[in-house]
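Just dropping this structure here.
The chains carry the letters A, B, C, D, E and F, assigned in the order they are written, with residues numbered from 1 in each.
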Amino acid sequence: MTDTVRVDGRTNDQLRPVTIERGWSDQAEGSALISFGRTKVLCTASFTNGVPRWMAGKGKGWVTAEYSMLPRSTNSRMDRESVKGRIGGRTHEISRLVGRSLRAVVDMKALGENTIVIDCDVLQADGGTRTAAITGAYVALADALEWGREKKFLSQKAQPLTDSVAAISVGIVGGKPMLDLAYTEDSRAETDMNVVVTGRGLFVEVQGTAEAAPFDRTELNSLLDLALAGTISLTEFQNTSLGR
Amino acid sequence: MTDTVRVDGRTNDQLRPVTIERGWSDQAEGSALISFGRTKVLCTASFTNGVPRWMAGKGKGWVTAEYSMLPRSTNSRMDRESVKGRIGGRTHEISRLVGRSLRAVVDMKALGENTIVIDCDVLQADGGTRTAAITGAYVALADALEWGREKKFLSQKAQPLTDSVAAISVGIVGGKPMLDLAYTEDSRAETDMNVVVTGRGLFVEVQGTAEAAPFDRTELNSLLDLALAGTISLTEFQNTSLGR
Amino acid sequence: MTDTVRVDGRTNDQLRPVTIERGWSDQAEGSALISFGRTKVLCTASFTNGVPRWMAGKGKGWVTAEYSMLPRSTNSRMDRESVKGRIGGRTHEISRLVGRSLRAVVDMKALGENTIVIDCDVLQADGGTRTAAITGAYVALADALEWGREKKFLSQKAQPLTDSVAAISVGIVGGKPMLDLAYTEDSRAETDMNVVVTGRGLFVEVQGTAEAAPFDRTELNSLLDLALAGTISLTEFQNTSLGR
Amino acid sequence: MTDTVRVDGRTNDQLRPVTIERGWSDQAEGSALISFGRTKVLCTASFTNGVPRWMAGKGKGWVTAEYSMLPRSTNSRMDRESVKGRIGGRTHEISRLVGRSLRAVVDMKALGENTIVIDCDVLQADGGTRTAAITGAYVALADALEWGREKKFLSQKAQPLTDSVAAISVGIVGGKPMLDLAYTEDSRAETDMNVVVTGRGLFVEVQGTAEAAPFDRTELNSLLDLALAGTISLTEFQNTSLGR
Amino acid sequence: MTDTVRVDGRTNDQLRPVTIERGWSDQAEGSALISFGRTKVLCTASFTNGVPRWMAGKGKGWVTAEYSMLPRSTNSRMDRESVKGRIGGRTHEISRLVGRSLRAVVDMKALGENTIVIDCDVLQADGGTRTAAITGAYVALADALEWGREKKFLSQKAQPLTDSVAAISVGIVGGKPMLDLAYTEDSRAETDMNVVVTGRGLFVEVQGTAEAAPFDRTELNSLLDLALAGTISLTEFQNTSLGR
Amino acid sequence: MTDTVRVDGRTNDQLRPVTIERGWSDQAEGSALISFGRTKVLCTASFTNGVPRWMAGKGKGWVTAEYSMLPRSTNSRMDRESVKGRIGGRTHEISRLVGRSLRAVVDMKALGENTIVIDCDVLQADGGTRTAAITGAYVALADALEWGREKKFLSQKAQPLTDSVAAISVGIVGGKPMLDLAYTEDSRAETDMNVVVTGRGLFVEVQGTAEAAPFDRTELNSLLDLALAGTISLTEFQNTSLGR
């Protein structure tokens, strides 16, 4: 499986170059500018003491996320959703995915009555924007939690993070399972899967879609193998960035 | 795994009673009122000769879907999305899922320049509305295609359907994998998965989400086993309904 | 006037077959699936203890209604108002009519600080959807009030209903006054009138519109005669359905 | 019935002072600033040669109307619908009523492929805004048609107006039928009716609503008598204004 | 500079005829119908005791403004922003300008916890609508403040107005600086400037825009000279109208 | 005037450090990531051959712009305009300003039937975002035009740029005129002015606003002096970045 050479010279089980600029923003409590190859996503985590009124008094916190693409992050310009006056289905879907993925590694009781809003804005898109967003957002989240601890909104002993989380895309392209699809690969994939995995190797989300051809269980298993290997690497990038 | 008894007396690998009232609507080219237990979804398929302008001249058709819930389909009344003036993320996500699932079994070339719009309106909700919607929509779609053939919008030889498609939810509840979750089961599931499978047993969509606890590969495999068994039964219900 | 035979064989003063499936919904406090011929409307009544903040503390309740059509309830598919992001004038107008009609027979003091939201969703449309909606909604409302009494949100002695209410369309088609217009009749009517009448025979709403030709007082009187006769029958159907 | 004295000294069958400033606008093809007492409505008629694309080629014209209130036309300021981003039900309903009322006296064939848009903007509101709007809009419409004739968009012989049209409100207040309700009367009326009548005395619209108490046939007849007398006077004001 | 004769016979430094009908509205606490030539703007000021919740408890008031054009105020009909469901950029921009201009002459402490909402609705447009709006709105504001004083919402000694404010447009047309541009002049101006000036002659806003050709400092100075002279006249009109 | 020291050590007539990363985006035809101190704006220029239908056939091009802020570009998170479903007044106003400023230096005839859309997305905000946007957008625009020339959408001889354009903010803070206000300065400025100037030193826009105190002509002149000096420096940065 690893002997094929792709457009950018990678083997099928190889990630694109990953960089994480932790603390990119001077304004946010946590932030990371992450790149998977040419895909660049600015992730910020905004920490607010307190929760929305409907959650107050339960001793629990809340984590939510919003994802968006700049209009010219893509090869041809897209209309802005703010100008159209409505958010598209894809944006909604990815925002919800990012939020669920991060909540899966946060103990809301340990977070206490604090709210964290994650923003993932795609500055440049070349496939894998949602997986880069989740992977970068985790770094921003971890820093926002440290900020909350320093400001005493969290107790010294509180451990809101139960695990880390990262995500990668995999797919079957030209009959071959491949890791971390670039846009040109993604657009001709028969099957496309996004997999969100914790640092301990457990699944948070498995979203496989037959774009062109339904897939069988053997193919599903190959894709999951690739994804689990990929997320191990991403977890290491996250840990290095966070100085762990 | 099959010895547990659930709230409604089912075993863990048992579907709720399934009924399909094919041709429920006098107006639509194809229709089905499907129930999975107390969940009832009215599925209609509207066949239009021609395609949107941006697709014209390519000799291909288009299939799209919209999902919606009546405001009092649920236990407490929800605000109407038409009144709020915007469609929520969940609605968008499910509409997209239903559309992709049906397109996976349609040969757009064989469909020719015709458009089919699927509407899935949940009249009563008790878990599994999206999977009932997909399963019922296939029946409505099949009838709309026959209508198109009778009206000569499709040639006698055209075979736009490459396979059938059905969907079911599975999940881990109280540590046990279960098939076809009712609402009370779904709301306390640790992991929840919707699986869309063709009549030939191939995957179209696998969407697993760790609601409360990340899951491992063994659990994933158990869930897929349950789902594949469940969709075999659903395929039979579809075939019976269609008189095949 | 009664000797003409219409498309479906009715005489000019004859209603289409009326059915009322009381308690159709397992979820709502009151519900009815009503049909006037091929027109089918699902009416639910949602009872909530309490009133909106701006009404609180006055010892009075509130009844409101929303009307909507499924996109393929009609002969050709309509766009969803939720997708368009705005409610059309006709929908607004009918929702307001249904709400006013029901409030006309409710004593808001006797209702106390409780809110009832009526939803009328047209599953299939063949003319007369607004009148079927009002007629069915009364049944749902009556049951929701009984539910409130059982739950002790209403006192045993409270009599919020001051009368019953039903509605029917009448019109002048081909120069002849007719009762309960089906869609094909309605679309070629010179004059169209919707009349809402209480069980005691008093008018709640009279909405007559010259679609093609202004009408004189004699014609108006003939239409009112037909409507009053029609609503007497509808009141009997309601009473039978409610077991009175 | 005529011996009662109202707040402003009128008898029950008396109109408020009516003024029509024909040609108020320098910009519109036809215009009238009409007042019914303190109620002031600016009506403009915009004549455009041609029709919307979906109507083209049928040799027929189109007349449509929009009604709106300035935010401080009323006693306490209302939010602007443009700021809220949506039009309310009442606005929709009245816009539709004004449009239907005018179309009832226009022969679309004689109008040819021309479009007239009527705008009725309430500058000051004191009851009866919709009836003043219809009455003033007819004057604006008549002038816009003359403009079209001068500009040769209509042939010299074309007679698009088949009749004139005017409207008035009537109601039962304190048990007595009254003509042309001012706001304080309207807000405590048991029954409120808007009646649209042609110059020849035929009904275009009869919209009676039991605001507080259902009404019987005798009351309905009294209201219609009042309305027919009132619209005869309004027709005279229109004719005088138009120099007929 | 003053020897040129314009389309309407004015010299370059001459205002169009200005009229102010103070107290035009029976409903608003303050109002003025102002005209600059054919441009007519109805300005109302709505005084409310109290401030929005987010401002409460600070002992300060708030003044805000909304500007809008009637659809047929212009030579060809514009779509209504309420119908389009969104406010355009120009409307937003002018509403903000009017609000800022008035706030510049109000001492919010002296106003106390009271809110004034200014509405400027353009009934007829022929250039200079925003400057007429500001000039008329000041008159309406002054009257609304007097109303508040009479109603004891303001103390007898409170002096919320620190100055008066008026506005005028100037521009370079055909190479010549001109005062108070009518629409036909504005549409062919090389440079267009709106200047808001207090009664004491201080600038509140200077908004100069090179529509067709960038301008130099000499031109800027000529325009400011014209504007300052024009606003002196407008201040006199305001004072006369207010009986000062 | 130059002897005062500001929070960040600058003199009153000193710009913050300016950087321009030309060609930051791999996707857009022209792009620049510009920073004025901590303010960072990503500017892209999208070149499309052809113009909107309503402009076609006139031999002229079009340049338009959209400005937006990332939700956490600011010190506390703002709601996204796409989520709110409407664009705020400030966003509209700045988008229009950027578009007008660039159009002032483009010869639309020389551009031919080509469209350029400028996107200015604020990644981090610390005052002066609109002036940085204009200054960076010019660089992106220049590169997009070169791209169009290479692709032969522009002839070799066409000179669409008639000049360069840059912008800077100035204001009176604590009684002293200052150049290039940072956020903390801007928020306590008595007067705030944005000035857009061409490379030749001509004004394109002068927008001065008395935030707290009206200003006199001497102050206005001091601010213009500062702005003209500042834009000379910005023009040099632009030229250096463009390799001129």
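Basically, contacts are C-beta pairs under 8 Å (C-beta built on N, C-alpha and C of every residue); 3 or more make two chains touch, one makes a residue touch a chain.
Per UniProt, the chains are A, B, C, D, E, F = Ribonuclease PH.
Quick caveat: nothing in here was measured; it's all calculated off a predicted structure.
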Next on the checklist: In terms of touching chains, how many steps apart are chain B (Ribonuclease PH) and chain F (Ribonuclease PH), taking the shortest path?
Outcome noted: 2
Item to check | Chain labels contacting chain A (Ribonuclease PH) and also chain E (Ribonuclease PH) | outcome: F
Checklist entry - Thinking of E-F, which of A-B, A-F or B-C forms a repeat of its interface, with over half the contact pairs identical? => result A-B
Checklist entry - Which chain has its C-alpha centroid at the greatest distance from the C-alpha centroid of chain F (Ribonuclease PH)? => result C
Checklist outcome for this item: In terms of mean CA position, the chain most removed from chain B (Ribonuclease PH) is E
Checklist entry - When chain A (Ribonuclease PH) touches chain B (Ribonuclease PH), do the two copies use mostly the same residue numbers, with over half shared, or different ones? => result same
Checklist outcome for this item: Per the C-alpha centroid definition, the whole-Å distance linking chain D (Ribonuclease PH) and chain F (Ribonuclease PH) comes out as 51
Checklist outcome for this item: Per the C-alpha means, the centres of chain B (Ribonuclease PH) and chain E (Ribonuclease PH) lie apart by a whole-Å value of 59
Checklist outcome for this item: Note: chain E (Ribonuclease PH) sits from chain D (Ribonuclease PH) at a C-alpha centroid distance in Å of 33
Next on the checklist: Where in chain F (Ribonuclease PH) do residues touch at least two different other chains?
Outcome noted: 85-87
Checklist entry - So how do the chains connect up here, line, ring, star, complete, or something else (other)? => result ring
Item to check | chain D (Ribonuclease PH) residues touching chain E (Ribonuclease PH) - in the complex, by the definition given at the top | outcome: 25-28, 31, 38, 42, 44, 46, 48, 66, 68, 70-77, 80-83, 85-87, 91, 117, 119, 121, 123-126
Item to check | chain D (Ribonuclease PH) to chain C (Ribonuclease PH) touching residues, read off their complex | outcome: 86-90, 92-93, 95-96, 100, 104, 163, 193, 198, 200-210, 214-217, 220, 224
